[in-house]
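Mind having a look at this structure? Questions to follow.
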Amino acid sequence: MTLWGKERDIDRTMLEFTVGDDYLLDQRLVKYDCLGSIAHAEMLCSIGALTQDESDQLVAGLQTIIELADKGEFPIQPSQEDCHTAIEDWLTRECGEVGKKIHLGRSRNDQVLTALRLYEKDALDKVAERLSGFREALARTIDKHGHVPLPGYTHMRRAMPTTIGTWLGAFHDAAKDDVRLVESARDLIDQSPLGTGAGFGITVFQPDRELTARKLGFARVQENPIYAQMSRGKFEATLLHVLGQIAFDLNRLASDLILFSTREYGFLGLPEEFCTGSSIMPQKQNPDVLELVRAYYHVVVGEELKLRGLIGNLTSGYHRDLQLMKAPVFKAFDVTGKCLAVMTAVIPRVIIDEEACAAAMSDELYATEEAYRLVQQGVPFRDAYRQVARKHRPDPERER
Amino acid sequence: MTLWGKERDIDRTMLEFTVGDDYLLDQRLVKYDCLGSIAHAEMLCSIGALTQDESDQLVAGLQTIIELADKGEFPIQPSQEDCHTAIEDWLTRECGEVGKKIHLGRSRNDQVLTALRLYEKDALDKVAERLSGFREALARTIDKHGHVPLPGYTHMRRAMPTTIGTWLGAFHDAAKDDVRLVESARDLIDQSPLGTGAGFGITVFQPDRELTARKLGFARVQENPIYAQMSRGKFEATLLHVLGQIAFDLNRLASDLILFSTREYGFLGLPEEFCTGSSIMPQKQNPDVLELVRAYYHVVVGEELKLRGLIGNLTSGYHRDLQLMKAPVFKAFDVTGKCLAVMTAVIPRVIIDEEACAAAMSDELYATEEAYRLVQQGVPFRDAYRQVARKHRPDPERER
Amino acid sequence: MTLWGKERDIDRTMLEFTVGDDYLLDQRLVKYDCLGSIAHAEMLCSIGALTQDESDQLVAGLQTIIELADKGEFPIQPSQEDCHTAIEDWLTRECGEVGKKIHLGRSRNDQVLTALRLYEKDALDKVAERLSGFREALARTIDKHGHVPLPGYTHMRRAMPTTIGTWLGAFHDAAKDDVRLVESARDLIDQSPLGTGAGFGITVFQPDRELTARKLGFARVQENPIYAQMSRGKFEATLLHVLGQIAFDLNRLASDLILFSTREYGFLGLPEEFCTGSSIMPQKQNPDVLELVRAYYHVVVGEELKLRGLIGNLTSGYHRDLQLMKAPVFKAFDVTGKCLAVMTAVIPRVIIDEEACAAAMSDELYATEEAYRLVQQGVPFRDAYRQVARKHRPDPERER
Amino acid sequence: MTLWGKERDIDRTMLEFTVGDDYLLDQRLVKYDCLGSIAHAEMLCSIGALTQDESDQLVAGLQTIIELADKGEFPIQPSQEDCHTAIEDWLTRECGEVGKKIHLGRSRNDQVLTALRLYEKDALDKVAERLSGFREALARTIDKHGHVPLPGYTHMRRAMPTTIGTWLGAFHDAAKDDVRLVESARDLIDQSPLGTGAGFGITVFQPDRELTARKLGFARVQENPIYAQMSRGKFEATLLHVLGQIAFDLNRLASDLILFSTREYGFLGLPEEFCTGSSIMPQKQNPDVLELVRAYYHVVVGEELKLRGLIGNLTSGYHRDLQLMKAPVFKAFDVTGKCLAVMTAVIPRVIIDEEACAAAMSDELYATEEAYRLVQQGVPFRDAYRQVARKHRPDPERER
């Protein structure tokens, strides 16, 4: 039964349509919703809206739910719409009358905001950890193979000499900036929406918003209740942006690895156990892992775009449209997390063919150096450039 | 076991990563893959690459799989990667040696293209049917309430008089154009890729591509094998575009219904059983159904965008990136289908408040008519316009 | 002065903001708007709303404007907002009183729809022509170099043998399907919106919509006035989709050309006069032309996306938001047209290195053939595949 | 003439195609490129690669160019490709031989990165200022009208009571978070790329990167040259994201204002001089200004998406594709800046109809309060909710 349903019936098809996958998606919010509810119950007790005993009962019940959920034993029924209803239902069933009191002074609107934000802070922390792991994997590989020379390319043409160390170092630095992005996104969302109710605050009962914010570990209270609702989707756009930036770095790295491990470039190889084969061509060893990492960038960007579209041209106040932002957020965290993990595993296993790298250090890579030597002899740079250019560029006549 | 795996081991994490949700998503392709395989087996028989007996065995086996899949009894294991492997595995296990012969003269690349295209043609037909149902629902409502007057708005300001009939008629006509779009998309993809192998054709054995195309009901053969691969993702972008156009019409209709059913406009109502409630505000009856229809437009657009990103900046020939286009295609068909079904159910149940509509037909709606009456009396239009404008526009002094 | 402005003043900054670049963008609509206005004037005459003499005066005036615009001598002032106002202004100034009569029975809303649609039909025809030219360039190159062998790649690894002819043939076939897409888009938009007024039809005066449609060469009348407005943006989304599909094919072709012309692949070259250089590296010859063609795909997709966002979550009836769809449409046509022209020029000038191609036809490309030969000797395909696989795949021990 | 062109000819059409609008777009980079060049020249002098006299000559020349550009008297020719070439050309022409020395130890790749980043830092500062102005306008309006009651809506249905102050306060707080976003984006990009050359560092001459960074006011040096190139497009994606977040807030505010100023809501009005009219309907006063602000959100998102697409699936090292990111960046800054300015002007001029607001404070808005009063009397919340619900919800029988 829905929270609002007692007195009326909703058309079955309509309910199924509106619930969608929420009863499944919400599984990962159960824990965070319980944490929010514990803080809320304790706050209600502190302002005298619940007795100590009632609060204790609710807290104990909510902790039991967290344990059940951990073991995968807290299913949410489609008819319950979401985790919030499933939790209130459970409390009412298991703890009796007091279950009907937990929702005083809040709305699902601030409840889901709170649970999501707690989830997101945790998820960001995990991303930051994975970024660390990724950076370490890069650092170790740089330590081992950093000295190996590598042609530097612009426009996919040989440009100037570089090394494995400089190349992988770029991703090391990129990931460092990504950590910075993760931190500022975390900072942005680190404000407690709990107590903003349906988006217009709570009347009659004055929730102690500082208290719940403190209990939940939020850095500050998000004061304005309309802004709390308005930040739904907006904050998530920033999260998805940050995940998209990480996914971009991995897209670039995967693209490099795929190219450099072709037979034609041959600078690198992937161990056989990281490759997949073909159903028809017996010889194939394909870098599917890298191709998927490359591709997931577009999935994250697409999820962000959904969200950007969803929240546009709407007026203030909650609209059900916003429900559809949950899936993109979960998807983007999952995908980025997996890609980081996979690349952290791949990097140290990349096989570097030092000979092939060395053999590729052809003359043209040193043309700029050649011009610079002329500059050292007093030739102005642009003249030196032209002198060297005449030497390196193919004679137009020679062309077929 | 994978098709290519026998002789080697792939890292477990890597396999899980590359398989992703494919083993689940592919469930809906089992039937279509079997249909493709039946045509392929019969063709192999016709060119002498299989005996009649072998072909019969395979066809019987494949028909059994279709029946199993219909009953939900043909699970695909993650270790099998996809439905293609699961099917070859099953055939080899159940039909013996002949199972190892089914893959002759094809690749998973053309197999999946074929299965997807058969699925897509079916799915488009279902969309066309739903568009018909939607148009009928509109037509019936227009028959009943079409005469009711309604203010026409531009810039959300009252503009000129219209009717419920003209308003809903717009969506009726829009859906007619959508049918046209569905048909031309179906036409575009109605070409058989079977026999293009991994994307470079088949050597030694010459598959009879006309035969398999005919058996599978394709309008024509997609001759060029590289184009067959290149059209993967490209064709799907067109499908998603078409679904996006349908979703757009529904987005617009839902937006109208939400606005017109506000207390402030009050032209329409939704029956209570189509509304949802609030967890905190006892009075609420919310049009969540419509909000979600509105929102799904952005989901379809987002899925299309993923696909457009995925296929960009890649070179010719299959890349594993393309695997990630399956989920967007399935999602877009599911979502658009559901939204059409829901709106088809909603339209005839919309409650039209004739009195409120009539009451809203205020003077300003007839200002253009007023000007036209002056024109009939010989005043040039622009002068008539200005004459009426002076009358209708608020005196600037009056403003607060 | 604006059409509506006489009696009032609008804030200068606000006017500048709302006009934006329209007065510049509209330059290319002048001709089409005049054509629409000619048909409109003649129709007004036919229904007795203008005398023959008045109609002749207007038609002559409009033809003069077309000539002026052709010579670049019909500037639109920012204060005039758009071409529609500039044209009515000119007519009133040059033809006198009758200029004030031209706007009877229409609105800028149907006027701009008409002008845009005429422009778009023309622009689509030009795209179709360019697609022809592009296909001819491909055909000629295939005739000359089609026989040259080329390794076929999947996952950027050598897969099976192919030829220059099959490779370029893929784009030839792709462009054929693009022509089909162009045609069905043209077909979709080939309906006359003229006479739908502000989006709710015309009262008092009944415009003869069949007549204007016929005069303007539209295949049919777009009956429903609300749908006429609703199709604004929607139809353009289909146009941009089609342009995006063309841009995609060019993106793929450019990606291939860039890769195949690297030193490492070396199958192709670009003539020096199609390459650009570096400011620092004297040796560089870069395929900037191809890189930009590749990149413009994303520009077209981005423009489409703007449009998809702009039109979402809006209610029926014109909103000024729709003004912002003009720039994306013009941009997408310009960019796609230029890319087609450039690639049509590039293709015949590509230098094919037959020796390098031949040298790249390594053994592994024939592994499938090898398996097929075993099948001919009676080995089931999967067994043959495994036998060949053992031979081709590197011994795990051998790995570094 | 291009920097690389002396010794060869490039096809005219190809040059035009590759240059595109760059010669126009670059106009706004001239100043920043000169600033970068001044720092570079002084650094070259400090490491002995230029004499003091040479450096002084270059610095004086560059300062002249800045002055010329300020007066709009430094045109860039299409044949010069970009501002970098135009500047080197000018120096060589006006200062003689020393002009040929300015490019020593750098590439256009790091030059454009530097100029863009300086421009972007300035542009972000301007955005931050405009956000301040916008917040002040909101604060003043809240001071004046904050007390006026306003119905709070969820799902566009009356939910709970709020005020003009809380409503506008939401945007005030949103803009505060936007400032935070601007600051962290500025922080991210505040690293000097100068001295990374073409993307692989500089050999022979060791540029003093700390010195140029300090002279240009960068917070730190971007050490890794490959990362410097890789951050092109990536950093800009973050900028566009931030601008998109601001545009989102304005989109929401504009949507509210448009709705609240409809005849049907009537809470607000816009002064006539901020409204536009219709070409056909004499009575119309349309909020085009707000509609365009709403629409520009999608333009910013579309520009970001272009960029996200452009940089995907590419390998490390500069590609000409990246040139196409300039226009999106400029466009997004321009559009967001204008929208902020316009809304800052609009907000204080919004006419608030206190009577209409008061009249709209209907009973249903107090249903939650009603339930809370029952809770105060000891009824558990969910029971109180149901009791009130029975009273407020329409009797199903009553429905038509």
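Lettered A, B, C and D in written order, each chain numbered from 1.
Definition applied: a residue touches a chain if its C-beta (ideal position, glycine included) is under 8 Å from a C-beta of that chain, and two chains touch if they have at least 3 such contacts.
Predicted model, so just to flag it, every value in this text is computed and none were measured.
When the contact pairs of B-C are matched by residue number against A-C, A-B or A-D, over half are shared only with A-D.
Mostly identical positions are employed by chain C and chain D in their mutual contact, as over half of the interface residue numbers are shared between these two copies.
For the pairs B-D and A-D, the larger set of C-beta contacts lies at A-D. Computed from the mean C-alpha positions, the centre of chain B lies at a distance of 35 Å from the centre of chain D. With centres defined as mean CA coordinates, chain D is found 28 Å away from chain C.
Measuring from the averaged C-alpha position of chain A to that of chain D gives a distance of 23 Å. Annotation for chain A: residues 3-4, 8, 103, 109, 154-156, 159-160, 197-198, 259, 272-273, 277-278, 280-281, 284, 286, 288, 291, 294, 297-298, 301, 305, 308-309, 312-314, 319-320, 368, 385-386, 389, 393, 396 touch two or more other chains. Interface residues of chain B, counted against chain C in their complex, comprise 3-4, 6-8, 49, 88, 92, 97-104, 109, 152-156, 159-162, 166-167, 169-174, 177, 180-181, 184, 187-188, 197-201, 203-205, 222-227, 230-231, 234, 237-238, 241, 244-245, 248-249, 251-252, 255-256, 259, 294, 297-298, 301, 305, 308-309, 311-320, 368-369, 372-373, 375-376, 380-383, 385-386, 389-390, 393, 396. Residue ranges of chain B in contact with chain A, taken from their complex: 2-5, 8-11, 13-15, 17-18, 20, 84-85, 103, 106-109, 111, 197-198, 272-281, 284, 286, 288-289, 291-292, 294-299, 301-303, 305-307, 309-310, 319-324, 328, 338, 341-342, 345. Contact residues of chain B toward chain D in the complex are 154-160, 258-259, 262-265, 269, 271-272, 277-278, 280-288, 291, 305, 308-309, 312-314, 351, 362, 364, 367-368, 370-371, 385-389, 391-394, 396, 399-400.
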